[in-house]
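The first chain written gets the first letter, and so on, giving A, B and C; residue counts start at 1 in each chain.
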């Protein structure tokens, strides 16, 4: 389709600017999801398995944090990373790294809360066996996380889905700088404001397509995993 | 523990992937307005500047007020906005080094072709505003302290209207950028004040058209300032000044004049006009 | 559990030798007694001693009535138990082979444990309990809801384990199984010990009315 300037046409033609936007979106959201997993999975598992004062409060807090609007997280990170803020000296505001920080803060509670639920359910099933085998606390957490790995794939996806589709936090901390911090969602916001609705819709469809493909891949992995481990 | 280890590796890899962005240190952050971005001027102008100097200019497009605040916090090296009074205040606070006029375009009053308030063709913009208010015809205001918003508020004042007191349901302040305001006006058949550049570049015009233009009170002057390095040591003084110098140089001014959409010139360089 | 007395004044001495079999109607406290011995719960009052000493034998294992299969292969389940029991890693392969052969699951090492049949899962659970070569093996209804062939495999293993000197304490609903395996029989009812004695005499000449009623297949209320 020569001369086609819709997002599809550009993507099919391998338009470098559009590909860079797609690549940055994926890099930011995947990094944030991975970091959030490193923090959230052990945290969720620890909350599931330990009894401490304020545990109930912690669970309510994690569940509530799942619903915090991205724009509030964006504003908070913005104030922290601004040159006039406490972490301003790192010069991270308006960089992809700042967007990763914001999305990590957004996704961690989702992964932690869902992990807690998953691990707690599995723990109800495993409790007697592991206790009878005298398994120590750290190994217990590792066992449950490993054995829940296929459910946790879904959890990670939920986190990635939220990260990839949000615009509120990254447009504030990233600044939507062309070729540097412009992602699919911030580009959609920009094209809409320029009144270029067809390009905005095209980008939206590309975004949906990517999310569908990643979900389908994860589904295949999950089914293959279940066939293996039951 | 395989999961956690591989996740960690993935995270590290992803971070490294985005690290090259850090390496391009010959770059500056310019806080500018939605109108300069939405009009497409930067997309045209910055590649030319980059080719000439190797400097990458990262533009944060905000309303004029917000862009100046970004400069006040030290989060930008250069501010490039259009509201002279706000710019002079910025200077008087010691936040900016010096203001350079760069170019102007003008505001236009946009409205539906049906023109319910019958303002089309008026040459006195204050009278047009007065009529819209009297007829309680729908009007979309940016409401975001942008240069366009400041200009709009001044026009109400010129029309002898205290908009804070006289506004009603017909007056909607949406608190968003120029493009969003045009989209809203298009969707609700309302009047809206826009800069001409954004209007020409705007693709979702629907049945909107220019109703009032040409009044000298609708003049829209852009100025550029280096954020004061004495206040914000992280400001990239030399690169920022290089950008400003290029904008006001005969070459930069010519590039601005050459930016056209459908044969229409959007901005008129006036760096040599000391009163601008 | 608060306020409900599950086991009451249960004084039971389990001697070395052939398996001790706990019998009694549902709710008698068989499972609770086994869980107490496994150390999964502490008695509200009273104590449990091993060889007259309060320290717990290191090699003690329990197989539950409904064992949970770890979401791993059959071999993975055994490897996990071997690791938990502190068996040296270099011995895993040999031990896994040996355990699977013992319970008749040869060749199923790579099969996902949760995709095994009910009888195979029960046998894998038994093999897992045996991974650490326990001195005390506690079995809660090891063959409930299994077909005769699977039941026979498990009973053979229990006999073999007991013959090698491990102490087996098990519960069962199946009086025939109690007869086939039992060295000593313990009849529990409503958390109390009603009668205990060697299997040979318990079944032929029960000493209490309750035991007679229970053995006759009548309801013990």
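By definition in this document, a residue touches a chain if its C-beta (ideal position, glycine included) is under 8 Å from a C-beta of that chain, and two chains touch if they have at least 3 such contacts.
Please read all numbers here as calculations on a predicted model, not as lab measurements.
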If each chain is a node and each touching pair an edge, is that a line, ring, star, complete or other?
line
Which two chains have the greatest number of C-beta pairs in contact?
A-B
Centre-most chain [mean C-alpha coordinates]
A
What is the distance in Å between the mean C-alpha positions of chain A and chain C?
47
If you average the CA atoms of chain A and of chain B, how far apart do the two points sit, in angstrom?
33
Rounded Å distance, chain B centre to chain C centre (Cα mean):
79
Chain A partner, complex, touching residues on chain B are 1-4, 7-8, 10-11, 14-15, 17-18, 21-22, 29, 34, 37-38, 42-43, 56, 58-61, 72-75, 176-180, 182-183, 186, 201-205, 232, 234
Which of the residues in chain C come into contact with chain A in the complex?
38-40, 61-62, 64, 67-73, 80-81, 84-85, 112-115
Provide the residue numbers of chain A that touch chain C in the complex, in ascending order.
125-126, 128-129, 131-135, 139, 143, 147-148, 150, 227-230
Which residues of chain A touch chain B in the complex?
24, 27-28, 30-31, 34-35, 37-38, 41-42, 82-85, 88, 91, 93-97, 100, 142, 145-146, 149, 152, 175-178, 180-181, 190, 192-197
